[in-house]
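Common to both upcoming complexes is chain A, partnered first by chain B, then by chain C.
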Partner chain A sequence: MEALTIIRPESLSLSSEQVRALMPYFLVFGGIMLATLLAVVKGIKPKWPVFLLAVATAVVGVVASANLIPDATIGMFNGMMVSDSYSHFFNVIFMASAGITILASLRYLDREQLQHPEYYVLVLLSALGMMLMTSALDLIVIFIALEIMSLAVYVLVGFRRTDKKSNEAAMKYFILGSAASAILLYGAALLYGATQSTNIHEILKFTQAQPAGMTPLFTLGVWLVMIGFLFKVASVPFHMWMPDVYEGAPAPVTGFMTTGLKAAAFASFMRFFISMGYGTTLSATLQAHIHDILWVSAVLTMIVGNVIALTQTNLKRMLAYSSIAHSGYLLVGLLAGSGTPGGYSAVVFYLVAYAIMNLGAFIILTVISNREDTGLNLHDVSGLASRSPWLSFAMAVFLFSMAGIPPTAGFAAKYMLFYSAIQAHETPLVIISVLCSSISVYYYLRVLVYMYMREPVGSAPASRVSMWSALAVALMVAMTLQFGVVPARLVEVTKRAVASL
Partner chain B sequence: MDWFNSHVLSVVVFFPLVWAVFGLLIPTTNESGRNALKYWTLIGSLLTFAFSLKIYYAFQANGAAFQLTELAEWIPGLGTSYSLGMDGISLWLIILTTFLSPIVILASFTAVEEKLRGYYFLLLALETGMLGAFVALDVFLFYVFWEVMLIPMYFLVGIWGGKDRIYAAMKFFVYTMVGSLLMLVAIFFLAYQHKLQMGTYSTALLDLYKVHIPGGGFTSPQSLLFMGFALAFAIKVPLFPLHTWLPDAHVQAPTAGSVILAGVLLKMGGYGFLRFAFPLFPDAVATFQIPFMILAAIAIVYGAWVATVQPDMKKLVAYSSVSHMGYVVLGLFSMNAIGVTGSIYQMLNHGVSTGALFLLVGMIYERRHTREISDFGGITKVMPIFAIIFMIVTLSSVALPGTNGFVGEFLILLGAWKTSPGLAAISALGVIFGAVYMLWLFQRVMFGPVKNKENEKLKDLSFREIAVMVPLLFCIFWMGVAPNFFFRKMEPSIERFLTRSTATAVARASVPSSSSIAAFFSKKN
Partner chain C sequence: MALSEFQVEPWLVLAFCSAIFFIGLAGLLIRRNILVILMCIELMLNAVNLTFVTFSKIHNHMGGQMSVFFIITVAAAESAVGLGLVIAMFRTVRSVDTDEIQLLKQ
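And then the complex of A and B:
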């Protein structure tokens, strides 16, 4: 009750450390406001000013957050928010993926005749929601941040207003997403009933104080919140929305969703997961239940994602199912995280690697697609290597990375993730995971077969790549290889991030 | 120069890749650019060969277990290190790799005419991958190289291969990947055991040798881990019944791909057994010794039978690989100095002779665009030089005394006899079947009248093609008559390998006092 009823004086004024810790949020928020204003100023064409401002905001956000990673943990707003290495580390991911998405969207929006400045604002707004979500310590704040993030993305998914598929995707996503949010909120309410708090640290204290006394109310609350998160990360059986949404959304938005949205959902999920005492103070029965159910969900997610991806001929849809499969691997990491000190850092590393390679792949899809996101079937990329050798090379790097083949970030990530799972004595799970990932090799390589080993169908011209997209792709390729060959520094940073939890 | 001397292994491993990156800058729009690229690549591989000779001279057979070592931290948090080193076992495999590379590059000058830059880049990148796997002393590093190798090979088969190249490339990749990933699980488990027992993270091979894992019986932890490694290596060797990817990949690959695949990539499986699976899991080796020897014997006989009935020359050679590599596994699992020495020797032999066979098949395919045996006949009359070289390589492949094949197979059968006379006897049949399919092939292609009109105007080998074959022929005889030259460098390493691999194993009476194989052989000669 305390957290809600007593308003402490320090929660109203901010100390200088707190202001410093909140800087990235202020800066990004300021950027968003300014961009919104610029978009409605009469007499200027908003395209370039808003685009450049959005890119600048993202860069500033990345730099400001990266600077704060080494700082000590600071609680804020009566413990509702926290500024720690973990949240700032993820802030970097969110702002970077927002920035990259914006870079890759410029030419795309021109092509689709959708060059509206709202697009850039919405991407940034959604990223701000992610930032808040990751630093939120209170289920209510998590919910609000989740809604900021999701509402912006609902609009982005339906951004191709005249396209039926895009509308359908937005509608589907909106209805199912709202239902999931409602479930999460209901879970939060039940937890409040059981523990007298919505603050996850208070909830953790509650489980520590009475490990045996976990009432059905508490258990149900935990489950509902978890289901809300499982929906957001699209794990089986809550994955049905994903392929349609991914296919219907504009290609750069899909890229943004697979990276930012997924990372945010996992980041917050992980915070909740640790904070409810999994692996530490949770009662053994409840822990065993959660373990078993997540275990089954992880296995199903990997199998369903990978097996259905095998049968897809549309690249966007294939990557959607592969994204489901990657959620499965991440769940393995989550389950194993408590087994070793710093075990969760493998999940964080995986999220980074996944964000990089997936964003890169979707930028390439954006570039090679035709109007209305058509031309993304396997046979459309036949002989791409002879038309656009550099794009094909980049795509090959990303696909090898997703398949987990060295020397790429995807391999380093899988290595650490599965190694941590072995240390948590999840050997059968790891064996299932590696077998699933050998299935995935087939459909990733099939894209390469079309790109490199088949003759072009018809005489499609080489895709025109804007300078901005080229920059973004080059950056992603460089990072994929760098984190694959010398991951040591990133490992250290992820360890520090997780240690601050 | 000091830097070169202390980093010679790194130089040899990464030189081809760096050289290949510069090769990408050569424009291939006109004829002179294309030639420049070909010679650029050839020079790069020759330089690599020259560097690798430095390894030969620097290596002291009676010195430390692993020499020319290099060590640098890689990911401290996981205990992985950039750790290189070599011993008498990897020495010859390194040299085999650097020796075959210029040969296949020279052999590709006329065979491949499209997408040249990619082709030569991948060939050199592949060389880096293979050399890296042979010198890695850290399982993580080894795994990285082991997987990296797949990528260039996948593209070489898939882009420049034959009609069913895509199917073959995919099968090759997925097959190998399944085995590798299970090996990865075993690596995790082993590394974790090291952490539990020693308290620190490490994936260095020499650290992992010290880990104690309970063995004995088919389901003991050691046996399961061994199977994780063995599956990956058995697929690569390939051991019956995991060999089905090999004929497809071999037949569809371009000539250079087939030669590298047979010459070096298959050796990776044997090398993996020697370096990793055996010394890490000695008890499991004792448990699985006879089952693996049985599979090897089946591979020898079955491979030979299937080779006999192939209508396609390249497929015949591919199945002969299954048979020959069966000997390698047989020798390894006989677990005595004679058998293991023979086995390593047979790996080198197979690289030379089967490599040569694939090159010869490639040469005649370039002329006739068919490999059907029935399309040929009487080639001796039109291509005498080709016929003579083919004859010599055939005899090497059927293990005629005086050629390299004889030394290897003889030692292996001798070693296997000490462990299991019955299996040795069955495997010895393979020698006879080997003679049957090879000589029958030779007879059908070379002798008789020239039935096919198209064969009448075939040109004999060009100077370049002869230059490709001469080093291989030289090796066939050199290795046949002076095996001691090769044994001298291997011997202490093999003894060390045997001590390690039998250290905790139940005593086996059949292990001979591994006194000098070289002495044994010089007596015989």
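And then the complex of A and C:
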């Protein structure tokens, strides 16, 4: 085994540029450790110090990552990690969604008598896993980051420890999530067998060297890794866990999962997808197979997500199915990405828009729900507009955005996604997407009809909105409208991010 | 090399690994006891470990053997969280049978 020389000692030390590029990770990690310490200091109540420190960490993470977006690409740790615009752009999304989730959770945790400081630490830890996942270039590092992210989220899903539903959701998520990670890892092992490396750039070089045929080992490895990713983004037929988990998890955690987890899974999936040479160096047969199967999966995901969402009366569950449907649109973008310049940037833009509107919607669900997340059925929101006009207005903005109605971010995102798919000659896929999208208008607007046009049932008092939640919702509304009206700046940034891949 | 006389064919080991992996996957889908399901997850991860080591030996390349250490560490963390969740569930449901946890409608 003379191959030990591949690990050179000099590649283990960090240059000053690398330290600069790693700053967001160091700062967030430091914040997490400090928060953990604060949580166990004797003699102080940990609630406020940990909460404020967690918010500060998230803000620092956002600022530090945003500063690094224009920087050049820097490889790190013997090519295992990379710092490029793409990873830092997603870091901003993860830290922002973690920060917003933390802001929205304070009052919720008080109400549910769950005010444990671990909650904030786990949210940040999961966000750190996401950050590592998008900047990982090695399948093993992707696996480790995926587990850092998932393990924290398993605990968060089961955070309402005395509630059977929460436990059940955590258990289901844990079992299926671990199985998916194991499948991804087995794929990585087979790819290692086929190409002698787990580094996705080395795998790309391997496909470039052999344009004609792929060994069965390589094909199987690619498929197993893809199945692992498809599970994480909840595309049909690997979507069964999502509605149950979303319904059982505490509402702010569900919001965090729909935004952070989905964006992380897609970001890493996209990196793998491009790096394995789809659309460029991958052999034509394998590429055709991947295209056909993802095509079917995207169509089924959109149809199943939208059609089942029609029949849901629980808002959390409805949004879970709508989240599955949105995964379908994103898969359309992924398939079209290689066929047109700026194709992948449409996916990134969609992820941002989706994160904003979904986070906002879940904060509102958090605020209007009763104890133990009950009272989230359709008839519970009837007449909400007369009780809480501002909340209803914000919810309306988010629902319009999810349905893709201008002038919201959701419209701009869908427009760009479908436009890039048409340019990539995926017209049948776009027709199906648009039809599915028009189905979705029904169930999104039904909520609006209940909120604005029905009489209130009973005499529920207006929901009390904490200052922090109000701040978070206002921010989300402003961003939804801003990216809907003037998307140009965000488009520029997403293009720059994708160009660095 | 006295050891080489006892060498196993690599493809045999790989076939063995994939058999273990799919036994684990099947057990995860079929069995009803959560503790057994946790063991099945471990089985899958260990099959992956063995695959990595085998390929590492075939290619004469150290990367695979190093990956195994990371996977073992992650698997340990995963079991810890999994068992924690099982305990939390047992406290409320008083059972470790997956048939007992069907509150969330399919």
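FYI, the second predicted complex is superposed on the first by the 496 of 501 C-alpha atoms of A that agree within 3 Å, B and C clash if a C-alpha of one lies under 4 Å from a C-alpha of the other, contacts with A are read in each partner's own complex, and residues count from 1 in each chain.
Rule of thumb we're sticking to: contacts are C-beta pairs under 8 Å (C-beta built on N, C-alpha and C of every residue); 3 or more make two chains touch, one makes a residue touch a chain.
These numbers come from a predicted model, not from an experiment.
Contact with chain C, but none with chain B, is seen for A:N167 once the two complexes are overlaid on the shared chain. Of the two partner chains placed by the overlay, only chain B lies in contact with A:V434; chain C stays clear of it.
Set against each other, chain B and chain C differ in how many residues of chain A they touch, and the higher count belongs to C.
In the superposition on chain A, A:V352 contacts neither chain B nor chain C. After overlaying the two complexes on the shared chain, residue contacts for A:G248 are found with chain C alone; chain B is out of touch. Contact with chain C, but none with chain B, is seen for A:A182 once the two complexes are overlaid on the shared chain. Of the two partner chains placed by the overlay, only chain B lies in contact with A:P406; chain C stays clear of it. Partner chain C is touched in their complex by these residues of chain A: 1-4, 6-7, 140, 143-144, 147, 151, 154-155, 158, 161-165, 167-172, 174-175, 178-179, 182-183, 185-186, 188-190, 192-193, 196-198, 240, 243-244, 247-248. On the chain A side of its complex with chain B, the touching residues are 400, 405-407, 411-412, 415-416, 418-419, 422-423, 427, 430-431, 434-435, 437-438, 441-442, 445-446, 448-449, 452-454, 486-488, 491-492, 495. In the complex of the two chains, the chain B residues touching chain A come out as 73-78, 140, 143-144, 147-148, 150-151, 154-155, 158-159, 165-166, 169-170, 173-174, 177-178, 181-182, 184-185, 188-189, 191-192, 195.
By the touch criterion stated above, chain C contacts chain A in their complex at residues 14, 21, 24-25, 28, 34, 37, 41, 44-45, 47-48, 51-52, 54-55, 58-64, 67, 70-71, 74, 77-78, 81-82, 84-86, 88-89, 91-93, 98, 101-104, 106.
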